[in-house]
């Protein structure tokens, strides 16, 4: 039992924090203003993003999420770094550590053929293209993955792909070149072997972005959340990942790291909210005293620190288990943090918003946007209720 | 003790519900699409709004909030009607019952001179113009109204007005013709007599709308939330309301009805969320059962009904006290519902969002926008903490 | 819609409050000390109880719960009075308004034969004897009443009664003369017609009090919570209530008023806790300020007032519906308050306990005992979960 | 960062668990029954306790809390063991690891003179005598330790001690031989140097146990919670601990380990509640399904596991910091777990109680008693509010 970060991690934390302070935070507004001033905010990515990416690559703060790449970090080593990136909405992409690309890269590393890797993984790893993940469907309760209705049908050397997908985050990005699509290859197979994953180029005929969904008013352009129709899209059979019927298995594998990365980032966003709150309440005076002297505000600060610290430790423990006993054995812990982290972040950020008054819900501070993103994470990658159920089932196994 | 609505109220409830179903709900999307498709969404109001207003006026469902006008309803009679309007984000304006115009009309009815009434109140009552309320300031903790820094200085027959205001909701509306502005006429007077309210035409030289703030990601165009700079704006002395030093007294009077109207609307938005949730969970199936059969979902529905019902009763009781013993005597009850209703609505709407999954946070259903508006009401018109303090002080008086 | 108590009720509130202050509160300690100093606390009831009962009878503050008796109060009229009685743990018995006798009296009034009434109801109404209710069983989940395993078998002119019951509150009282026993007369009948209720004299052969259960350390002697074994107890067939198979129907009828009475009393206990808290925090000083000046304490007071007021209004509304549309039509509202009131009281009392520090958990103040009793009411007469389910089912009926 | 227990710890966990299962749990009822059947439950300790202590000593599971003794465990090593002891109300004493003796032993180890050690520490370490801690006072808000009114006045070779103390847990134990008493030696000294600690033999003239307080309805005989009057009690000057004016400093030192030990035990009691709940819900059936299949119950189980796991990790981290940077540097973390652990245990135990129905609040299962003890720990050793304040102040230091 040891609660210190290694020297290696501490050094990277320092480097990353410096980078955030000198490069990322000062450009948050630059990024937003570029988007706000575009006629069509979906048409281009703020140039500052590519500039920051170049700097991150030079600093070797690149692809840190991937144990197989670069600095070859474990999950426990990556956690405190991912957290720092998550302090800014634009942070993760700067370091090529943003969802859903990270999850897609992991899938390709683990299940991709050599051909798939060279065509799709390499440019992703280089940050040259972006990707999306097409799993959730508008017409069914996707919290139960067996409900999926999309079809992947073999026709000679091709698969014919049809279905409606939404919440394909990143699907609106002009650089998005492919989707990993989940659908049924064999509706009559065993419940967990009906589905497959396949690579679909975004420019394939029949792929149509219907619209971009908003999240509490945020479009998150130019990244966005796309609703996509796949209408008899044809792709070569070699685009299948791993093999027919492996969709569920890949999803299970994909979602473990993806989920914990979300949690790490949420801790960062909560940490930033707490920091902003502390600064604000020392400055502002009401009823003849700084807000920082009010007992209610002090309780918010204490509870926020307590909430963050507990969520962080649980995330680190889950990461440690992934490193030592593997993602599968760590599934209870992953489900646990997936329940804990979004709600924790929502509580902490909400307190900060309240401490800020009107400024808190506006674009002047990062809290409102962070809040909206955290709220989606009580739904995305499995709603809380499904994860609670999973934890309970594991727990009851012992009796 | 009697818990039935009167026959008069029941008839109006029926009429209003019909109007909502035949006129308002079907045009929510029409309204939104018009705004979304405008080059400059602040430049014009969707024409459907004026069409609906005409219909509401014809149906005599107009200005129902004002005891002095039309149907001459008491607060207890208005409450269940206001609730119905609040079910739609665009509802209140259709019936000329939207904030902040209602509060401004009340101020003018009660404290306006004849001249002020004919110039500003009449067109507001007719729905021909809109107005805003300029009280909150970006540079101080406005939860403590004595912090206000804006100045109103007499110079001959004019007042010279200077100050920075924000969250002047409705200030972005192209039809907005004046602001009621709060500032200090005498910084040396007694704490509660330093401030005054004055009418400032929006086209007066020196009035500058700096920007429109967003609430989470919503701009709420074309209504919006303006940050306005008043730079040595000159208005005739006759624009003062009631008299110098009366700002605080008017604010106290203005905010009572304003606050309870917000609460009534919040009940409506919660009621609609519950309704949407019930419909959804009967349709969607997960893990081989309709969501409506899951115990956790049932608990959400029960708790939502319980939360709404309690908040409604407390709102009605506060309204009853306003009607019988007056706004001043009802101040504890008004403070209580101001604490209760926003949090209640947030809980109910949040459960509905969770039951909907991704659809819940999007523009496809009214919940996300309702949520964002409810969240601001834990801050606007006094943050929860200030109202809790007021309730406690009243309570402790008895000992 | 009218929120004032009638003049009649206000007069009774005044009379009852005076009685509590002059007779009941000053004797709470007398009562407790008598019990504490008994060798066998189950052997006798503190004489002060009978003295207080005599006074209450003289003041015509007797059997107020029963619409058919004495002052013939409606539920709405009784609610604010029952609340006052509930402020003291020993209060309800003083006025012959204590559970489970009230529920048993209601059953006898509504379903008892003339013979049953003269033998059992009259002495109960006079406060000469006490009774208990034998429904819950230790070996099954009694939250589902169909689980009941006790048997009532006809044998000639007698029924033979067997079963294990517990939480038969009042069963330990030396004055307890009979139980209303629930069991199955026909296990093969329709689900809701298998069960019957029958009067069992406590001195019948085969009735054995196994032990008295404690509630968070409280034995509640000499009233207590008995575990009773009924081993082939024989009673005349005339002891059956209403008729074979009517047990479920009686239970439904019995529990409505019983549940709402509990809620009324809980409001009283919460109100008293809030009162004690307010007094305490004005007196005690920490960190150079009275506790009453601390923001956190003020938030507790405000939230407590808000919690109580909302629960009271919901209770009154449910009572109003019972009076106007009947217990059956009011079942959703009764279920709602049964969920609300215990948790509300627990929250309010818990805050008061915390404000008192160590004194709060001790016998020096009424809060700890009130808390323990409130906690059982999240279980007794149906656990929260069952009532939430019932509310949700009602709510979903509309869709 | 490493989340595994060491081999040494795992072996001790196994040994301790075996001991609990073979020796402690089977004798919980034996212990209780002995107490319940005593004429005067304060007169003697159930003999089974001394038998179990002997076995624990033989097994070298003795004084594990003390880094200086026996197995010389660090805090991180002791935490998972203390947790196991805390699963039973009678557990800690069996292993000589019960409060307040552990805290008193720590004080004597660290601040006691050789003479004090041989007279008082050695028999405590051997489990031959018991002790109590006399700090809290009935007449002032003891959450603010500077409020203490008790006096320690020098008179020649003696100190004269006067004051009223309560919640001196263990003061009712027939084996209790001395109190560590806190009072003011110099009311005019600096705020934190007014107070001293001194050893007072329980048989000294002027020491009078006024009564034993109950916690909810539990007397916790024969250990108990004493109210003690010290009326001009004379002790030799050599009884002072460390020196005059050191009371506050010792209290700070004493309370760190004491607080974290409470937290460890609370985790154990929560863990046992969760275990009991899981067993119960698999057995009981309601509405045709095992309770374990109900979504609401599953949510309770998941949330309990999540709550426990987070609190455990935070406790371990605080312990780790105490081991590595010292108790003083770990004060924020100690304050944090002191806030977290009692509330966590209360939530988990409360859910278990609800799942058990009536059985849950009774003496048939350990939950109700564990709940009552956990509730006192939101007050004892500093109420939550004081610890939150301390955490917030630390947090705000950085800005």
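In this document, chain identifiers A, B, C and D correspond to the written order of the chains, with residue numbering beginning at 1 in each.
Assume contacts are C-beta pairs under 8 Å (C-beta built on N, C-alpha and C of every residue); 3 or more make two chains touch, one makes a residue touch a chain.
Nothing here was measured: the structure is a model prediction, and the numbers come from that model.
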Any chain in contact with subunit A as well as subunit D:
B, C
If I average the CA coordinates per chain, which chain comes out farthest from subunit A?
C
Distance from the mean Cα position of subunit C to that of subunit A, given in whole angstrom:
52
With chain centres defined as C-alpha means, what is the inter-centre distance between subunit C and subunit D in Å?
36
Out of subunit D, which residues touch more than one other chain, so two or more?
294-297, 299, 385
Taking the touch rule as given, give the residues of subunit A at its contact with subunit B in the complex, in rising order.
136, 138, 140-144, 147, 166-167, 213-219, 284-287, 291, 294, 296, 353-354, 357-364, 368-369, 371-372, 375-376, 378-380, 383-385
Residues of subunit B touching subunit C in the complex:
1-6, 9, 76, 274, 278-279, 281-282, 292, 295, 297-299, 301-303, 305-306, 309-311, 313-314, 316-317, 320-321, 324, 336, 339-340, 385, 387-393, 395-396, 398-399
In the complex, the residues of subunit C that touch subunit A are 294-297, 299
